[in-house]
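Labels run A, B, C, D, E and F following the written order; every chain starts at residue 1.
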Amino acid sequence: MRPSGRAADELRPVRITRGYTKHAEGSVLIEFGDTRVLCTASVEDRVPGFLRGTGSGWVTAEYGMLPRATGERTAREAARGRQGGRTLEIQRLIGRSLRAVVDLDALGERTITLDCDVLQADGGTRTASITGAYVALADAVARLLETGQLEASPLRGQVASVSVGIVGGAPVLDLDYAEDSAAETDMNVVMDEQGRFVEVQGTAEGHPFSRAELDAMLDLAARGIDRLLALQREALAGPRP
Amino acid sequence: MRPSGRAADELRPVRITRGYTKHAEGSVLIEFGDTRVLCTASVEDRVPGFLRGTGSGWVTAEYGMLPRATGERTAREAARGRQGGRTLEIQRLIGRSLRAVVDLDALGERTITLDCDVLQADGGTRTASITGAYVALADAVARLLETGQLEASPLRGQVASVSVGIVGGAPVLDLDYAEDSAAETDMNVVMDEQGRFVEVQGTAEGHPFSRAELDAMLDLAARGIDRLLALQREALAGPRP
Amino acid sequence: MRPSGRAADELRPVRITRGYTKHAEGSVLIEFGDTRVLCTASVEDRVPGFLRGTGSGWVTAEYGMLPRATGERTAREAARGRQGGRTLEIQRLIGRSLRAVVDLDALGERTITLDCDVLQADGGTRTASITGAYVALADAVARLLETGQLEASPLRGQVASVSVGIVGGAPVLDLDYAEDSAAETDMNVVMDEQGRFVEVQGTAEGHPFSRAELDAMLDLAARGIDRLLALQREALAGPRP
Amino acid sequence: MRPSGRAADELRPVRITRGYTKHAEGSVLIEFGDTRVLCTASVEDRVPGFLRGTGSGWVTAEYGMLPRATGERTAREAARGRQGGRTLEIQRLIGRSLRAVVDLDALGERTITLDCDVLQADGGTRTASITGAYVALADAVARLLETGQLEASPLRGQVASVSVGIVGGAPVLDLDYAEDSAAETDMNVVMDEQGRFVEVQGTAEGHPFSRAELDAMLDLAARGIDRLLALQREALAGPRP
Amino acid sequence: MRPSGRAADELRPVRITRGYTKHAEGSVLIEFGDTRVLCTASVEDRVPGFLRGTGSGWVTAEYGMLPRATGERTAREAARGRQGGRTLEIQRLIGRSLRAVVDLDALGERTITLDCDVLQADGGTRTASITGAYVALADAVARLLETGQLEASPLRGQVASVSVGIVGGAPVLDLDYAEDSAAETDMNVVMDEQGRFVEVQGTAEGHPFSRAELDAMLDLAARGIDRLLALQREALAGPRP
Amino acid sequence: MRPSGRAADELRPVRITRGYTKHAEGSVLIEFGDTRVLCTASVEDRVPGFLRGTGSGWVTAEYGMLPRATGERTAREAARGRQGGRTLEIQRLIGRSLRAVVDLDALGERTITLDCDVLQADGGTRTASITGAYVALADAVARLLETGQLEASPLRGQVASVSVGIVGGAPVLDLDYAEDSAAETDMNVVMDEQGRFVEVQGTAEGHPFSRAELDAMLDLAARGIDRLLALQREALAGPRP
């Protein structure tokens, strides 16, 4: 029995709110239960130095957590003077995951930056970030198409992410903070709309995990991501805010 | 005529939402029109070095702006490796303003940190921050009283803030971004519930301002702050979330 | 009675020494009693990125305090790896104050940097900095005119600054360190030669201040600044060093 | 056919040299083909703040790359003033992997730091680091036992790591730089001596990978790690240097 | 013939002004011609971590240059976020030179920090700093003796410094900026009152120098330092400011 | 009698291994006894800003020490966020020493960076670095000549370095760590193949040193460097790796 009463293969309630803020080309509040992340997509007409003049665009991500998104206040990274290793790791993961479904050449010499800022944390902030950032990205691309800045969409797939883990010996889907703290193994999975893997990151927290456990977790992840991809499509079915 | 159609002495619609996030001892979303700031109050049982062992508490503030709170994306301060001068200036102002209404000795050896994070910016983020932070602070203090950690409230007053300015030659209250950019003079005023000044910061942007203009602006500010203090009291009249 | 025996509206002895060092285009030692600040104006033929190609010039300021300018040694900011919030706040104030009297377009694509370094501190370092920096700026401009680099002066006004405060319940002018530490309210005022305000920054240290107190302080400031403007003109009446 | 002529399931020649430098409690040069990493284990009688007084020890890792370990010179991180995201990610991975086989309570209040410095890079530096660091750690522990500082070994398992990937459509083991640059998918696997997973990190570089591809890669990894664990045991069979 | 008209073995006019600022325990303005350095000695009742509890004191130095001490404005190190290599090198040299004449055990658990800040630079700032810092140190020690904080002086010698060089093929003493820029070799020498060397730092700028040239430079340095030591004694003969 | 049993004028066994790593244009492992430094020379087709467009090239150096090169683990500079004063001082010394024998104009608009990384430290790391870096530089230049990127060698001399000191009252050559820690005086000397000085840096550690002691040390240094220059030539006599 999970602390939340959920079934092993049950996601938390997911809510995707497009147009959450007004300035960004894409702005999405995504909620996985009590985890709330604001994902904005910003389009800029320049690329990093290593791409200048190549005709190729860039998609990148930055991740942050408000100091009191967490149970105890976390020191503000801007005040500490640098982003921690966990932050850098997460934002690199988000960036790679989204680049996996973008044709950078088709994007042209522009950069889309996905800012994922956690307003409230309850486990799974990185998977919520990826899932929400995809929707923000889709909105930003839609806008580029509507305004005629792009003629064809550079999006060549859809991507979502969920966490799975072994808690109390059993594989479970979409861990909240209580489960995450108690997990023996924690795995983040990113998949596309064809059921293929974009990223798989599994870490033994308590004790190493067997191949059978890995397989069980991947099965759960596939089911969860399937549902998340549907929720993204649903959210994007409405008019652009 | 103001771009927004407001009268010269008219505030933007103000909304104060308590309990906006769940972890913080006080958590308030304040909206001054399209400006939206999340203000959280975090209580910690320790004080900065210079107060250790004195029995006195501390109230401090930190300010941040999400990268895409603004019309153009602003570089993330955590990524740039330091908080800019504007940020430091604002968070020092917020901290001073709130300390003005707290009896630090009565607070005991604990620190209350007010984190003011701008989710969406449309002018007046620092005045909204101060006004919202007061409500978050009041909630955090209420909780310390309810849980018996404090026997008497260290709050000895109420504080709110608004901007005033000279735009197109005329004094106006609570400037939005469009007015702020065009203002000849911009002034931030912080006052308490007795109509006294806690902070006055006026800056000539276009051309220096006369004593008469200063007086007109202060009159407007007093009226606006009066209204904001009432809105704070209204918001706090409901049960603590 | 003030600790220094001065009348409430009496400035400390002010001394302005032009040509204090030899390399800078303008170099002024200004003394407000025991407060001594070296203000240099440096002219460089380039502007910050945001002005490049616009034809406009720039005036900016940097502020520093020698480690032992103060009663207790203060850690060197260069060694600590960053300028503190107070430093950034002051140098932004100095820069804004001087830009208020310069026609940046008439300056052409060059930058004048005012470095204000406190050799000895006894209260009022920021107001002395502004007052001295104006003289250094005037010398630098005079030199640009003499050498033919400029045909007309971009100076369109004169600016000076003084602090006022409420100490022991009474408004006083030009606080020294002893008064500053004991002040209930501390206000820095910057005005031009037409008696208009460029900056007004008032902070309640002990308790909030009333409108009547504010008015009394502004009256004192106006008188003090009038005298400082005269002293600047006197100093500039002599030949350029 | 692989560029190196190796079979798909063939490791590069692996060499493990214990006692490579003289000061460290454990010092191992590990070579995976042309990749050469110096792994040292340093024992210190103190623990990070969060463990002080708990009786528990700590195992951590730091990773670095000499500027010219690579084909093009890489800027020195010490000169740039910070460790990059990739470095932080790798050193966190190494630390987690080794902690998975150490009983921190049994270690007592001391820290063992594994420094993994890449002298020459040709792909797989993180997997070589983990594999070599285990041997350095084992030597440091052996020394603590020999000198009587520990009575029982806190090592509760053995750990090694290898990379696998999909190159040209086919799964291959232990990618060198040429293969790594061309890989469609790159996966780092860390396993213990019971064939269980400690970490699995797979990234789609070119295109997402299927479950079948994942399975094939994991099979290869298991075989490679088996061989690496044997090589570690062989190396440790000799006398401690 | 030297640009300044000086003889090869002639110092620039040297002026030592004690009590230049009022807060520091020792405060000396030293001038070597147009080079002007403010040297302050600050006494603090604590020592760096590595000396805590040892009963030994510490003497250290910090060096800075005002941005416009030089012909062209130099970027402020506090603004750049770090002290440059040249600064660190010089302050380490000053610290070592003064520690050479202090019995740190006799100083007791206190730190004396010598801050050497260049107000105006014209070559030889580090040698002027050492020479002036000695006088500031002597004043600070005198004060510790007068106030009874120390019973016996920890000063066990006297130290001064001068530069020598080869300019236009000829050895010269105490190079000003014009000579320094043209020097083939530049050497800084620190000596004590017994004519012994504390530091010798010679650098071939244009072409390597012979043993004979080295000898000629050391002869000049010895003569110059002899004169500087006398000037220090003369300055210290007067009453403590 | 020296701890190592060496005669006063005896170098430690010196070993120079060319081609130690494969990517760099020059890669040399130099050993002075137990001190081992990896010196790589990297050629890049660009120069620092101040040389751009001048046609002149640049030679520079960076120095680092692996954390456990020393008896006690030293904190990693990349993790601490900056290079220490000692590191900056040493790398500036290496750079100057090598530039002394290079005709930068003849090098053309390219930069050669000498990275000197200490794998194991036992005293004399900076002198070993200079001596080894020269060989790496010579190899890099040879390669530029072989590939036709240069037509004539920009090397106009040969340079090597050794330490000398006064230990137990007697002058000795090439101090190891045990001697270095006990030395009363420590001097690093850099000379060219004509027996001329490039750098002389002598520091009194315990007590100041006399002119006679200085002379004795310089005599020893000259002899030692003579031997090192011969060893460099021997090493370079073989084919380029």
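What we mean here is this: a contact is a pair of C-beta atoms (placed from the backbone, for glycine too) under 8 Å apart; a residue touches a chain by one contact, two chains touch by 3 or more.
Because the structure is predicted, anything quoted here is derived from the model rather than measured.
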Fewest touching-chain hops separating chain A from chain C: 2
Partner chains that chain E and chain F have in common: none
Reference chain C; chain at largest CA-centroid distance: D
Chain copies touching (chain D, chain F) - same or different residues, decided at half shared: same
Intercentroid distance (Cα basis), chain B paired with chain A, Å: 32
Separation of chain A from chain D, taking each centre as the mean of its C-alpha atoms, in whole Å: 28
Chain C and chain F, separation of their C-alpha mean positions in angstrom: 50
For chain F, residues that touch 2 or more chains besides their own: 81-82
Pairwise touch network: line, ring, star, complete, or other: ring
Ordered ring members, chain A first, chain D second: A, D, F, E, C, B
Of all residues in chain E, those that touch chain C in their complex: 21-24, 27, 34, 36, 38, 40, 42, 44, 62, 64, 66-71, 73, 76-79, 81-83, 87, 113, 115, 117, 119-121
Touching residues on chain C, where the partner in the complex is chain B: 82, 84-86, 88-89, 91-92, 96, 100, 157, 187, 191-192, 194-204, 207-211, 214, 218
